[in-house]
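Chain nomenclature is as follows: A, B, C and D, assigned in order of appearance, with residue numbering initiated at 1 for each chain independently.
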Amino acid sequence: MEKIKITIDNTEVEVSKGATIYHAAKQIGIDIPVLCYLNLEHLNIENRPGGCRICVVEVEGRRNLAPSCSTECTPGMVVHTHNLRVMNARKTVLELILSDHPKECLVCSSSGQCDLQKLSQMMGIREIHAVENAEMSTYRKDFSPALRRDMDKCIMCRRCETICNDVQTVGALSAVNRGFMSVVAPAFEQDLVDSPCTFCGQCVAVCPTGALTPFDDTAKVIRALSDPSKTVIVQTAPAVRAALGEEFGLEPGTLVTGKMVAALRSLGFDKVFDTDFAADLTIMEEGTELLDRIGRYLNGEKDVKLPILTSCCPAWVNFFEEYYPDMLDIPSTARSPQQMFGAIAKNYYADLLKVKREDLVVVSVMPCLAKKYECQREEFSTNGNRDVDFSISTRELASLIKSCNINFDSLTEEEFDQPLGESTGAAVIFGATGGVIEAAVRTAYELFTGKKLEKIDFKELRGLDGIRMATVDFNGTPIHIGIAHQLGNARKLLDGIRSGMYNFHAIEIMACPGGCIGGAGQPLHHGHSDIIKARFDAIYREDSQKKIRKSHENPFIIKLYEEFLGHPLSEKSHHLLHTHYFDKHKK
Amino acid sequence: MAQFKMHLLVCGGTGCRASQSEIIVENLKSEIKNLGLENDAQVVITGCFGFCEKGPIVKIVPDNTFYTQVKPEDCAEIVREHILKGRKVKRLLYEDPETQKHIEDSKHMNFYQKQIRIALRNCGFIDPENIDEYIARDGYAALGNIITGMSPQEAIDIMKKSGLRGRGGGGFPTGIKWEIASKSKADQKYVVCNADEGDPGAFMDRSILEGDPHSVIEAMAICGYCIGATKGIVYIRAEYPLAIKRLKIAARQSRAYGLLGQDILGSGFSFDIELRYGAGAFVCGEETALIKSMEGLRGEPTVKPPFPAEKGYLGKPTNVNNVETFANVPAIFLKGADWFSSIGTAKSKGTKVFALAGKINNVGLIEVPMGITLREVIFEIGGGIKDGKKFKAVQTGGPSGGCLTEKHLDTPIDFDNLIAAGSMMGSGGMIVMDEDDCMVSVAKFYLEFTVEESCGKCAPCRIGNKRLHEILEKICSGKGVEADIDYLKNLSRVIKDTALCGLGQTSPNPVLSTIEHFHDEYLAHVKERICPAGSCKALKLYTILPDKCTGCTACVRACPVDAITGEKRQAHVIDVNKCIRCGACYEKCKFTAIHVQ
Amino acid sequence: MSALILQDCHKKTIEEICIYYKNDPGDLIKILHKAQTAFGYLPESVQREIAFHLKISVAKVYGVVTFYSFFTMTPKGKHPISVCMGTACYVRGAEKVLDELKDQLRIKVGGVTENGKFSLDCLRCVGACGLAPVLLIGEKVYGRVEASQIKGILDSYQD
Amino acid sequence: MNKIKSLDDLRKMKQNLEHEMNIREKSNEPESLVQIRVAMATCGIASGARTVMNTLVEKIEKDKIPAVVTQGGCMGYCYAEPTIEVKVPGKDPVVFGNVDSQRAIDILVKYVVNGELLEGIIPTNYQTINEKK
């Protein structure tokens, strides 16, 4: 790579050709502030519209200031990142942005998380020069089951637009209008529920302000907890334990399973269970379904639909219901772990406790916003009573813990309750891309071949590449597996299948970058994709430390089948653990 | 074939068509037929003559008779008197506003005397819908010479030598632009003609396309040969239906002659053009925004570099020039780079087309050599200020430009001098203002335009211009304070320094230049609460002239805020502090005793 | 925003326009121009249909429609009135003409009179600066318009 | 329309077409051309001015004489109609009376092209038609 030398703030720095001033500065420890710029290096996601103009610097010999995020270094360039001209420009531009931004930071749900707030603090903004009663651009607010849009707070960084279109290829959002009234919105500025939005929430995950925030049911959870007539149980998704600690200042990648359980118990949940239990259950059902289809396929049955697609991710389910209505028969019919847990809790566990379904409140803690929507789907309710009553996010759990005066750091680690708290390493890795299919392979291999698996780690299925393909040897039968995370990659894979370019037996798809660990309910990464990498490693660390690492060996799962379900794909299973899909256009 | 002795050239530009020039053509033709003069006189519909103030224009050659404001009912007289009997119809001749003399020969009109027409060489001269007339004037000869006898680099060298700079506003040397695009390697390249003229008050590109579409097509083909492109795209405003029509006709004719298409003139070079329509977004005049728009997207500019010459339309190297720039190209190759560079100033060669408008006698389109002074343009060609008022300022460069004043009248006009004076060439709009124009309001007017046309992508332009406008509004409504002027200045400078594209980077120019040249006027607004030009409604000062007031009390009853007091049959007084400047008293007073300042 | 429910013939028109441009999203703006010529405006249903044929998101189509001032989502009046607000017209009193029109028609810029007879818009320079201020009603150009003439001009549109 | 196949074809085509534009081209720079003005008032036309004009135009076109023919009103020499005024660049204008087709050609060939003096010049006080009231 060709190298060039430039001078930044009187320091010479050597950079690769093509590097931007922003990156060159970073190399020598100068952090130029940015607002619209977003670079998730590990995931190949970049948003660089050059629109906010906060990152401007002075380049000697240039007429105007240069946006450092998108100006390439040229040999001999002399850059000043903080002289009077630059500081004045940055401050003035920031004031302009603030002059069109509601000043309700104290009560904003992004308070403390907001990049704009942090920036104005950093820049020492103490007043906003503008005409009295300066006009603000205002828009209709939009509440959906998973997220809310308050676009008065939009600063047109376009991150959400880039994510929704270029990364996720969902196309729910676009910049609309022009000039002062321009904003990112669904078509006709209608509500998100009327758009193709999948509620993946990745727009929320990258929003630098409080314009896009999760729909928050924490208040209802608190009410349920304080209602003596209710038994409130909680399930926590695998990805939550790998990220929750970040909200309490712990290093990314710190596993806080035991502290999390302790905190939940101290919040007053009657039972603290694990979604991982349901994940093991999912593998039993989905794995069996996979083997059934492969078996029939190998027997030469013509109408067998392959590949089988995983169906744990509700945003992904929404995506194929919207865009692949012709392929609704290929995903696994197995419900997601969250919903399996809900169904078992309300139909099995409630009976064990001898409480009425209506008096058992099931709360889920999820890394995900789409789960908030999923638990509201009609098919997951019985007589208007949901299997999962409320879904709150990792971030919301953190603030609930904080607001209840619980000192997370000093908690003693505790264990999950039983029977719905036992889980295997296979369930843990559901939290990362490739994990579900690896878990399925671990079980399917043994069931298919009747042999014990020698090597439990399927490293060929792991990684953060957007699309991965691998072939697993099932004792002489090659099983072709495809993996994609982020919906744009899913689309590529699906289009390839539709056109006959790919031949897979099984495909795992997760809507969020890195899988659930990068979900929109997780602590915000603020553009640092290495955080996602750290969570990814933590998940596999937890797996390797587990005593049992294959779902079909989970003793409580075995017991559940013996006592209640019978066997995988039994009639009861079908009724409680499987679902069907809808063509969104026919709604 | 009949040998016509006279040609009646009738302007078929948008302006004259709006005043029934099509009917005029019909009437002239039928009267010629009536009198059996079909073999003597030919009626030709041409492009714009530029003298839009007095349209519709009928020009008769070879005697250069210039009839102005011709009405359909005048046609019979023109034919009977002039064509048949050789007597000019005096009352329709152009009358010099100074001498009040009718001028028989357009060569003697001040309007035309100082003009040199290169880009407009065929406008008002040929029938734009007839390719033969273009060919008769050496049309496509430049293209033919180049593609059969020159290497692309040789042609580029001529362009560079000519010193032609982009006429769209920036003034980037055209030859260098072509050279960069020619050196970019790609399987496909594009030549784009920017005809998305959007400056309010500038209409030269439209006039060229309406009056001489072939010159643009020829130049695009030349450019295509030079940079190695076989495809050309004209991005044109949808609001220009006539220009679109003429361009389409021209392209069709060129194709029929094989001057567009495969293997042009047996040279092996192929080139064709297509049209794309703008849809009402000023920012699409900026080349990166234009490219986005051509791709069917929102016309939002992108950060440069990469420049379109490296990565443009569909990611391919793209050369974008505007209409006027292209219109110069064939002439340069026909007459030589030396000829072209002999016209103009040291760094600005050739001519520039300006659209003269505002409070000036001769509104119209003119083409003058670079280096001409504003005084010559406004007072000689433009015929001075309307209604004998006093010249105050001239705005050049549209919303991106600034105001020039009395002290700039003798500055030679070229790219660099205008920038040094705080304005810019822009696309060539020139709006003349007189003593009745309030410069704060003028700045406000332009900001209103920018606010409406800002694409909204970058914060300084989206919000900053809005705030500038709000402050100007505040000053015009009499609520401004002195600190506002300082804030205007700082905000303007920051917007210039930080905005993403040319639109934002130049949008504060009207504010900065009016503050610089008319600081007193701003001060009068904020300190004395007076609008010296008397144009800001909220700053009008109403007083009662005691000697005229009869004390009838009509005004007292009209005043909605009881600001007028006085005894019956005694002179009344207006309390300035109470007065809301509604003007009700002024309307009611029968004795013109209310004085407005 | 008025809801136009597409009939089969409407759908066919849109399909033909899209096919003419090979369903190429790069020609979206041309397609929108043609559709607006065909329908007079671009209601939601038309935009949805176009998005469907071009296989792009409706949000993108809407984003483009709302970016360009030439495109409109409201039907125009029978006699669309446009006031030129170019600089030349502005300094020669276009604002007064516009105010008078607003008063007479009792609508704002961008509005349509209740009876659907007139709609009022501004545009930027028709290039008839010699005739400033200029007013267009339909295709007809009125030059050197004064506020006092407005009533007479409007009255001449009887139907 | 036939395709133009080469640069030569284009040049030939230009030559064939340019005469149609001559009148306009000439009007562009009248000062450098010989200006011939034919008096075309009623008296002139009655005496055959139109024929004279046609002859002039055709001859100029045929021989590519750098001259332009325009019409004028009555010059006041009704006794000598048809009359034409000829102004050679750099010289004072001269008026010829009683011009017929043959004389018109003579004037063109002898006076305009060869600069010979001809008979039949009407003495004037060197007023051009323009200045006449």
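Remarks
What we mean here is this: contacts are C-beta pairs under 8 Å (C-beta built on N, C-alpha and C of every residue); 3 or more make two chains touch, one makes a residue touch a chain.
On a predicted model such as this, the values are computed, not experimentally measured, just so you know.
C-beta contact counts were set side by side for A-C and A-B; A-B has more. Look at where the CA atoms of chain A average out and do the same for chain C: the two points lie 44 Å apart. Chain centres here are Cα averages; for chain C and chain D they lie 54 Å apart. Inter-chain centre distance (chain A to chain D, centres taken as mean C-alpha positions): 89 Å. The multi-chain contact residues of chain C, meaning those touching 2 or more other chains, are 63, 67, 69.
The residues of chain B that reach two or more other chains are 281, 298, 455, listed in rising order. In chain A, the positions touching at least two other chains are 175, 177-178. Under the touch rule stated earlier, the contacting chain pairs are A-B, A-C, B-C, B-D. By the touch rule above, chain B contacts chain A in their complex via residues 281, 298, 300, 302-303, 305, 451-460, 462-464, 466-467, 470-471, 473-474, 487, 490-491, 494, 496-500, 505.
Interface residues of chain A, counted against chain C in their complex, comprise 165, 170-178, 185-188, 195-196.
Listing the residues of chain C that touch chain B in their complex gives 24-30, 32-33, 63-64, 67-71, 85-88, 90-92, 123-132, 134, 141, 143.
By the touch criterion given at the top, residues 48-54, 56, 64-65, 67, 70-72, 85, 88-89, 92-93, 96-97, 99-100, 129-131, 134-135, 155-156, 175, 177-182 of chain A touch chain B in their complex. Those residues of chain C whose C-beta lies close enough to touch chain A in the complex are 1, 44, 47-48, 51, 56-63, 66-67, 69.
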